[in-house]
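These notes concern the structure reproduced below.
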Amino acid sequence: MDGEPRIEAWDRRVDWWLTGLAVLFLVAYAWQVLDPAIGEPGAIVLEAVVTGVWALFGLDYLVRISLAHDRWRFVRTHLLDLAILLLPMFRQLRALRVITVISVLNRQLRDDVRGRVVFYVVGTVALVGFVASLAVLDAERDAPDASITTFGDAVWWTLTTISTVGYGDRYPVTFEGRVVAGSLMVAGIALLGVVTASIASWFVENLRKAGERIGDELEDDIQDVEGRLGLVLAELRTISARLDALERDRHPS
Amino acid sequence: MDGEPRIEAWDRRVDWWLTGLAVLFLVAYAWQVLDPAIGEPGAIVLEAVVTGVWALFGLDYLVRISLAHDRWRFVRTHLLDLAILLLPMFRQLRALRVITVISVLNRQLRDDVRGRVVFYVVGTVALVGFVASLAVLDAERDAPDASITTFGDAVWWTLTTISTVGYGDRYPVTFEGRVVAGSLMVAGIALLGVVTASIASWFVENLRKAGERIGDELEDDIQDVEGRLGLVLAELRTISARLDALERDRHPS
Amino acid sequence: MDGEPRIEAWDRRVDWWLTGLAVLFLVAYAWQVLDPAIGEPGAIVLEAVVTGVWALFGLDYLVRISLAHDRWRFVRTHLLDLAILLLPMFRQLRALRVITVISVLNRQLRDDVRGRVVFYVVGTVALVGFVASLAVLDAERDAPDASITTFGDAVWWTLTTISTVGYGDRYPVTFEGRVVAGSLMVAGIALLGVVTASIASWFVENLRKAGERIGDELEDDIQDVEGRLGLVLAELRTISARLDALERDRHPS
Amino acid sequence: MDGEPRIEAWDRRVDWWLTGLAVLFLVAYAWQVLDPAIGEPGAIVLEAVVTGVWALFGLDYLVRISLAHDRWRFVRTHLLDLAILLLPMFRQLRALRVITVISVLNRQLRDDVRGRVVFYVVGTVALVGFVASLAVLDAERDAPDASITTFGDAVWWTLTTISTVGYGDRYPVTFEGRVVAGSLMVAGIALLGVVTASIASWFVENLRKAGERIGDELEDDIQDVEGRLGLVLAELRTISARLDALERDRHPS
C-alpha cells in the first residue's frame, strides 16, 4: 500500500484472517442486536467477541503503523481508518464499530470481483444495508418516541433511505441513530461516485484501446510503405552504381 | 440463450404464447384487485386464471431445464427466475406473482423496441407502475391503519415512490406491501442502470465507429501510396532491365 | 416540421403570435389564481382570455392538420399535442391548460437559446415551477383537508417536489392536484433526459471533431507523400525515356 | 476576470483579505446563532462584526465596478453577485448574508484544489451544509410550530435535505427558512452540475489527448516516410545528372 512493501506483505498475510474476524464480528453483532433477550452468559460472550474483534482491528492498525517507512505520513494518509477505529470508543457511537467491519469486508469484496461492477455494487449495497439496519435498530430500540423498534422496521427504513424516497413513517430520533443514517447516506453517495468513476474509466479505457488499435494498424501500413521505400532506395542505389560503372567504363581513369 | 440452441428454439416457439398468457394474467389480476365485490363464480374463475397462468410459467421453466445441456448450470444461472417463481408460494408474497409477468412482458418489449430506448423506458415504467399499483393495493387494502385503500391512492403512491419524492402521506404498512415497495425501488434503480448502460454503449459504439471510419479513410490513402510505390518499383525494374541491356551490349558475353 | 414545408412556413409566421398568446394566457391565469376575490366583471374577462387563448391553440392545431401532406400521419405523430389540447375539456383537468402554454413557450425558449444548455434548463425549470405552483394552487385551494392553500405554500411544495426531497408537510389531495404533481415529476425526469442527451451529444460531437481534425492532418501529410511520389514517378519516367533514347541511339533501327 | 486586468489585479490583492473576512464572518455568525443567550455587549460586537464584514463585501463590489472598463457590462454580468449582496437588506432574508461568504470561500477553495474534484466537492458540501444549518436554525428557532429548534435538529435537517431523503420529521415553516432550504436545494443541483461538467471535460480532455498522441506518432512515421522519399529524390537527381553526363559524352555540343 502506497509503495510500502512491508505493509503489503503484512496485508497479504492477514487478509483472510481479517475477513474471517469481520464475518465473526458481524454474526456476533447481529445476534446481539436481534436477540436482546439472550440472558447473562450469552450476552457476555457476544460482547467479548465484538469487543475482541474490534481490539484486533486496532492491533492490525498499530502493526501497520510500525511497519510503515514514514510513520507520520502513514497516520496522516490513514486518518479515516483512525477515526473509524476510535469513534466507537464514545458510548454514543458504539454502533459505528460495524463501519470497520464494512471497510474490511469491502476491501475483500473489491479484490474478488474486480471488473464485475454490478456484482460488487449489489454485494456492497446488501452488506451496507444489512449492517445499517442492525446498527439503527441497536441505536433506536430503547429510545422514547422511537419509530424503529423491530428488525423489520429497520430494514424498511434502510430501504426507504437508500432509495432516497424517505416517506417519513420511520426515522431515527437518537443522536447515534442519526449518525448511522448520515453514514448510510454518505455511503450511498460514495457508492454512486465509485460506480460513476468505474463507468467513466471503462469508457476512456475502451475508447483509448479502440483508438490505439486503429493507430497500430495504420502504423503497420505506414511501416509497409517504409519497407517498400527501402526497396526502392536499394534499387536506385544499384542503378546508380551501374551508371557509375558505365561511366567508368567509358572514361577509364 | 447462453448458447443453448434447443432452449432458443423453444423460446422462439412459445414466445407469443407466454406474452399472451402474461397479458391474460394481468387482466385477470387487475380485475381481481379492482373489483373485490365480484361474487363467488367470477372470483373463482379469476383465481383459476391467475393460478393457472402462474403454473404454466412454472411448466415453461421446467421444460427449459429439461432442454438445457447442463441442467445444474442452467439452474445456477437462472436463480432469479426460480426465486420469482417460487416466492409467491408463500401466502404473504402472493402479490409477487406479477413480477413473473413483468419479466415475460419485459422480454417481449425489449425484443420489439431494441434501439428505441425512450420508448422502451416509458413502456417499462408504465407497465411496472401499473403492476405495482395493483400489487400494493392487493396487499394493503384490508390492513388496519392502511393508508392505501383505493386504486387512486395506489397509483399516487407509486408515482411518489418512483420519482423518489416520497411525501409520506401514503405508504405500505404490511410486510407484503413493503416487499412490493422494495421491488419497485429496486426496479427503478435497475432501470436507471439499463438506461445508463444503453447511453454508455451508444457512446462507445458511436465514437468507435467514427474512429474506424477515419482509420479506414487513412488506410485507403496509404494504400493509394502503396499502389504508387508499386508503379515506382515497376518503373525501376524497367530501368534496371534497360541498363542490363546496355551493359550486355557493351560487354557481349 | 417532419419535412412538411407548408407547416414549417405556417409555424414561422405564427411563432411570435403564439408566444405572445402564451404569455397573455399565463398572465391571465396567474391573475385568476392569485386574486380569487377579483369580482364579477374582472373574473369574466380573465376566464374569456384564458378560454380564448386555449381555443386559438386548438385552431392552430386544426390549421396544421389541414396543411399536412398526410393528415392521418400528422395526427398519429402528434398525439401528445392532441391530448394536451383535449384533456382540459374535462372539468377536473382544467389546470392542465397551462401545459399547452408550457409547450409553446418551451419551443420558443429552445429556439432562442440553442446551445446554451444551462440557460435553457434554468429557464424551463423556472417556467415549469411557476406554472405548476399556479396549477396546484388552483386545484387544491378549495379542497377540504388541503395543505396547499396559499401561493407561498404552492411554491414551497413545488420546490420540495422538483428537488425530490418531499418532506410531506404539503402535498396535493385532489385528483386534479395529483395530476399536476405527476406532470411536474414527469417534466423533471424528461428535463433530466434532455440534459443528459445534450451532454452526450456534445461529447460525441466534440470527440468526433477532434478525431476528424487529427484524421485530416494525417490525410494532408499522406497526400504530401503521394505528391512527392508523383514527382518520383515523373522523374523515373524521364530517366526511362532517356535510357530509351540512349538505347535507340546505339542501335538505330 | 472577463479580460479586466485592473479587476484581476485588485482580486489578487484582496483575495486573502476577503477570505479572512469570510472566515471571521462565519465565526461571528456561528457564535451568534449557537449562543443566543450571549447578553448585551457580546451580541452587539458579533452583530457589528457580521454587519461590518457584509459592508466590506459591498465595498469590494463597488471598487470592482469602479475599476471595470465598461461599468454597465460589469453590472449586467454580475447580477447574481448584486442580488446576493442586496437581498439580506430585507429583514426577512437576513440569513442570506451567509451566501456571500460561501461564494467568497468557494472561490478560494476552487483556486486551491483545482483538479482535486473529490476534495473540492467534499469541502464545498461540508461548508454549505454547515452554513445552511446555521442559517435555518437562525430563521426557524423562534417561529411558532417550528420543528428545527436546536443545532442538532438543523444539522439533521440539512443531511436529510442534501441527500433528498426528506423524511419530513423536520422542515422549515418560516419564509426565511424556506428560502434557505431552496438555496440549499439549488446549491445541491448546481454542485451536481459542476461535478458532471468536471467529469465530462476530464473525459473529453483525456480522450482528445490520447487521440492526439496517436496522431502525433503516426505523423512521425509519415515524416520518416517523407524523409526517405527525400533520399529517393536525391538519388534520382544523381542518376539524372549521370545520364546527362552520359548523353553529353555521346553528343558533345
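The first chain written gets the first letter, and so on, giving A, B, C and D; residue counts start at 1 in each chain.
Definition applied: contacts are C-beta pairs under 8 Å (C-beta built on N, C-alpha and C of every residue); 3 or more make two chains touch, one makes a residue touch a chain.
These numbers were taken from a predicted model, which means no experiment stands behind them.
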Chain pair, B-D or C-D, that carries the greater number of C-beta contacts: C-D
Counterpart interface for A-B, drawn from A-D, A-C or B-D and sharing over half of its contact pairs: A-D
Inter-centroid spacing, chain D versus chain B (mean Cα positions, whole Å): 41
Rounded Å distance, chain C centre to chain D centre (Cα mean): 29
Two or more partner chains touched - positions in chain D: 160, 164-168, 203, 207, 211, 214-215, 218, 222, 225, 229, 232, 236, 239, 243, 246
Category of the chain touch graph - line, ring, star, complete, other: complete
Chain C residues touching chain B - in the complex, by the definition given at the top: 160-161, 164-168, 171, 173, 175, 178, 181-182, 185, 188-189, 193, 196, 200, 203-204, 207-208, 211-212, 214-215, 218-219, 222-223, 225-226, 229-230, 232-233, 236-237, 239-240, 243-244, 246-247, 250-251
Residues of chain A touching chain C in the complex: 164-168, 207, 218, 225
Of all residues in chain D, those that touch chain A in their complex: 118, 152, 156, 159-160, 162-169, 199, 202-203, 206-207, 210-211, 214-215, 217-218, 221-222, 224-225, 228-229, 231-232, 235-236, 238-239, 242-243, 245-246, 249
